[in-house]
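Labels A, B, C and D are assigned to the chains in the order they are written; within every chain, residues are numbered from 1.
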Amino acid sequence: MTGNTTVSIVGGTGYTGGELARLIHAHPQTNLQEITSRSEAGTPIYRKHPNLRGHIEHCFVDPVELQPCDVLFLCMPHGEAAQQIDRYIDLAPLVIDLSADFRLRDASVYKQWYKEDHPAPARLASAVYGLPELDRTALRNARLISGVGCNATAMNLALLPLARAGLIESALCDIKVGSSESGATASPGSHHPERSGAVRTYSPSGHRHSAEVIQALGEIDLDVTVTAIEMVRGVLCTAHVRPTRAINDRELWNLFSEAYADETFVRIVRDRRGLHRLPDPNVLSGSNHADVGFAIDPNSGRIIVLSAIDNLVKGAAGSAVQSMNIALGLDETLGLTFPGLHPS
Amino acid sequence: MTGNTTVSIVGGTGYTGGELARLIHAHPQTNLQEITSRSEAGTPIYRKHPNLRGHIEHCFVDPVELQPCDVLFLCMPHGEAAQQIDRYIDLAPLVIDLSADFRLRDASVYKQWYKEDHPAPARLASAVYGLPELDRTALRNARLISGVGCNATAMNLALLPLARAGLIESALCDIKVGSSESGATASPGSHHPERSGAVRTYSPSGHRHSAEVIQALGEIDLDVTVTAIEMVRGVLCTAHVRPTRAINDRELWNLFSEAYADETFVRIVRDRRGLHRLPDPNVLSGSNHADVGFAIDPNSGRIIVLSAIDNLVKGAAGSAVQSMNIALGLDETLGLTFPGLHPS
Amino acid sequence: MTGNTTVSIVGGTGYTGGELARLIHAHPQTNLQEITSRSEAGTPIYRKHPNLRGHIEHCFVDPVELQPCDVLFLCMPHGEAAQQIDRYIDLAPLVIDLSADFRLRDASVYKQWYKEDHPAPARLASAVYGLPELDRTALRNARLISGVGCNATAMNLALLPLARAGLIESALCDIKVGSSESGATASPGSHHPERSGAVRTYSPSGHRHSAEVIQALGEIDLDVTVTAIEMVRGVLCTAHVRPTRAINDRELWNLFSEAYADETFVRIVRDRRGLHRLPDPNVLSGSNHADVGFAIDPNSGRIIVLSAIDNLVKGAAGSAVQSMNIALGLDETLGLTFPGLHPS
Amino acid sequence: MTGNTTVSIVGGTGYTGGELARLIHAHPQTNLQEITSRSEAGTPIYRKHPNLRGHIEHCFVDPVELQPCDVLFLCMPHGEAAQQIDRYIDLAPLVIDLSADFRLRDASVYKQWYKEDHPAPARLASAVYGLPELDRTALRNARLISGVGCNATAMNLALLPLARAGLIESALCDIKVGSSESGATASPGSHHPERSGAVRTYSPSGHRHSAEVIQALGEIDLDVTVTAIEMVRGVLCTAHVRPTRAINDRELWNLFSEAYADETFVRIVRDRRGLHRLPDPNVLSGSNHADVGFAIDPNSGRIIVLSAIDNLVKGAAGSAVQSMNIALGLDETLGLTFPGLHPS
């Protein structure tokens, strides 16, 4: 690599687009070429992403003017990437779509969860799911990578070691999320006086990201409840797992340690002292790390696994850049070393 | 009074309407008769004001169905009350308008600040400004009362004793406000991920509420800057006053104590110990109290007056109910005794 | 009753003591007589409870000066009430202890959860658990009432209808709590820069309040995880219940509606429209209401019951006053009608 | 430079120490050698700074074990650095003290503001004030650099262009700050239920940082009021300036643009569109940027200058690293390019 991989972003006014711009700008091997917006063409991108003022001089360009590039990230509303995927594939040798359009390999599963036919089912087989911790082999030569669901990522990283060990009899994921999960468009539910301080269970059951977890981990018995809390960025997944057999703390520690021994971006957080004994998304804003910890209920034997991520980074733009690094044969951590802030 | 004063509210889906419903429901001498909404007619009012679930069974009614009542509160968007004021005056012997339409007595001043001709200038002379601490005499026989501006109220209560004593050479009010000041309608600026944690100076100068202060206190040299902070309810006005002559702490204490000696809803907060030495809107949510405190800069002689209110109560619905009590010849504090919460 | 029931509070600097003072002051049938504090004797109580400034003129008195009264509330640290209970019983015909000392009827269960011998086991049999929704009969002639655990109350009200119907095969309560649960004493974990924005699972399993739930509902299979979120007041209990048999939505609706049909302070919140479809503690600050809602996962049949309370009111001082009302033969709702605020 | 400048930090458990560790770790030309703590010697530093888990493996060492290094940062409580400065100067060719001990050049001014004799007055003359935007010449060969006051920095950067142009007749700085300004030690005032949501004016006048501003800008007429708001990191300084002569917007724009034309870390933020038209500390967390904007009150001619910083970065550790870069002859921006997060 010579440091001049050109990268463009389609649909750059949203939060995922903004995070990609931040990460690509700081990445030592990439150059941000274009960032598109239909509604904001001609506007400096710092109008939407004020942190980038003085860092990135670009203005948004109309998507019709998009030029060929080395890597193209798609950050479009649900369904749009799939409808135009042929055009984008022609523009870049590597396309990474951050919507849900290419996450599920099976068009019938897509229809089951999204209630409509997939617009480009023939592409599903070749799309690679962009969670390196799950499988990075397929990413190495991918041409079309799908970004991950943020809640799915929190669940997958919490449950992966247990699933691979056949230890999950059933798993109930109680997920706490911040307001940025709903995107950059205002709505009555995101109005600050209503959303501030809310503890709002908007999805008691049946969250779509379940499909990504079952695809990743196999047919496990999975229930998911999602509650919005006072937070902008962040996901905490509390996975309550009934194990298929009794397991002790040391065994659990070894299981998680080994599963993530080679994973730079997964930290085991399970201390006996201090204020930060278990994962907390509050220290992860801006970071690509996922923190995973666990406990065993001595009475019931239930395993409680906690995983925390920044939904916009490890749950979206960060995993996408990590996947890009792998696909390009680069050091996987390039551009992703920001450690988060404390206090914050 | 026999406890059956009927009260209706026009425009009840907003925050001021919701607070009026809460206060009128708990008021020992009033009955809530109707609460209107064009868009939500037929909907239970707890859908918009979830705290009232189980307390008030009413559904919103269409404003065309409004019946005569004893007291009518108007909570409509800017300009609408003035356009329909004749109809409302016919419906009730006492009308209290919480918009800005009848706050300024002089139609030319209105035009100067609101950039349009007043729709009902003939009514301006008879409308009484509903801040009892300023002048409760005129409220006693009022037929049309105007509600107050929330920021104006914080400024008026901070500056009134100094203005009456001729002590203000110039006053600079640096005002911190919560998100409910902008009302119940979502906008890009109120989107939770954008508004949460913001410290946003949306009005560096020229705030419209200045006009109410100058009308109330006389032609003082007044500058106003308003900054939105992380808060839902509340106003803190920091009035930096250059005095016309040197004044010491004891004299200032006496001035404020005497000015507010008979005011149930104004508390002097200026302690030498504890965490709560000066006014803080955080302890005033839901309360009709205004807290006023002060300090003198020993070097410059500048007086710093702090006043804190709940913008939706003392800055809107609470002062309106207090004015209603006076106009009806009731105990001024009826329905307004909730002391706020701590911690909160 | 003649409106002159005298009430005193032992240990009044904490948050529960402050809430009791607020409620007793506003109660139409009681007079606040004394409020004690060892460390703050002589200090005006508004120094610790700034919302009460101008409402209550009392200063804290030393507990040794406590006079006889009609009702005595005890708000002391863990273990202290039990050690001095004889003295307090002599001072008042009705004693209500808000600590955990008299919640468990069985001294051996107490020892199991609190790891020490109970200081006054003989009193346990006569203490009545102060959750009226569970059993108000015994409260009618009680001389010693125990306050409730806040998390226990959220769980009890979520699970009671299901437990009575024999529908709980297992229940997993994932509880979200605010910072006031830990009391008024500063600690490294409550330091604002550390606690603000935290999503901190401080009790993955084995929470002591489980004992109160099992005592109330019978020997159910119960797991409890508690996570502190960004909130000052409030508890949301998400009870994930595996039912003993399949149940449909209508049956569940009837079960909860009937169970709480006569309960003024329990609201069923389960709407199909609007922003406030399920319980949210954010609208309950200051209120004695508990909101209970539910959903059924159509795939797994799991029942998700949500219950929300203000931990300092329904979870502490409010239930205590409600119990006092019952014990004194008063209208149960006296002094407890504040509906909460929205927005907040 | 060869990339192996060794850096140690004395007093590393606080927030400034943690930020220095984060910045030095990410800096391409430095190696973090030691980080000391008396109370936490032997503890992994991630216990106090959980964001650094997996990034920095160091444990705290006892300060007595401190080894010689190239650059030594001192993050000790007020007064301690001055008492031991000779020892530290012997240990490293460049010492940067982040306390207030060496900020004031004049020992008598120190005594006036800090109410005690300076422990090492002979060192004051050689200490260089570490705000590069003020004067970077003296930093180039400094051996002892003083860190800056966070509020002083916000004021200095707001007022510098006006002061140099002789435009300040008087300046009144109304400053809004977050809770991390008070450091990492818990206190009753920082207890989350008390501090959360507070709008607490803890310093109505006479803030010590005024001395740094007067030293930097000359004898200006300066009043300062500081109010703590709901925020962890960040300062917004609202400087209300009466100018010595009338000035228009274009002239003001030119003045600020020219003053900061060569300053990478100062951005002029004064837009006519969008949500982010004026400085807001909310987008600066973790960033070394200072945002400066302004407006003119068309009625009074008052200039309102707003400046926003992260108090822990540009107001402390970031300016210190920037000063180190200058003193070492490095590119001034090394290790300081993180752009902040949005949304956050």
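The rule is short, and it goes like this: contacts are C-beta pairs under 8 Å (C-beta built on N, C-alpha and C of every residue); 3 or more make two chains touch, one makes a residue touch a chain.
A quick note: this is a predicted structure, and the numbers were derived from the prediction, not measured.
K.L.:
Could you let me know which interface, A-D or B-D, is made of more C-beta pairs in contact?
P.N.:
Pair with the higher count of C-beta contacts: B-D.
K.L.:
With centres defined as the mean of C-alpha atoms, identify the chain lying farthest from subunit A.
P.N.:
B
K.L.:
Go ahead and note the Å separation of the Cα centroids belonging to subunit A and subunit D.
P.N.:
35
K.L.:
Averaging only over C-alpha atoms, locate the centres of subunit C and subunit D and give their separation in whole Å.
P.N.:
Here subunit C and subunit D have centroids separated by 45 Å.
K.L.:
Any idea how many Å lie between the Cα centroids of subunit B and subunit D?
P.N.:
39
K.L.:
Can you list the subunit C residues in contact with two or more other chains?
P.N.:
In subunit C, the residues touching two or more other chains are 15, 180, 184, 188, 193, 196-197, 232, 275, 280, 343-344.
K.L.:
Residue numbers of subunit B touching subunit C in their complex, please.
P.N.:
Those residues of subunit B that touch subunit C are 15, 18, 22, 25-26, 46-55, 180, 184, 232-233, 264, 267, 269, 271, 273-276, 280, 283-287, 289, 291, 337-344.
K.L.:
Within the complex, which stretch of subunit C touches subunit A?
P.N.:
Touch list, subunit C to subunit A: 172, 174, 176, 188-189, 193-194, 196-201, 204-206, 221, 223, 225, 227, 229-231, 234, 236, 238, 240, 275, 278, 280-282, 295-300, 302, 304, 306, 308, 343-344.
K.L.:
Which positions of subunit D touch subunit C when the two form their complex?
P.N.:
Those residues of subunit D that touch subunit C are 15, 178-180, 184-188, 190-193, 195-197, 232.
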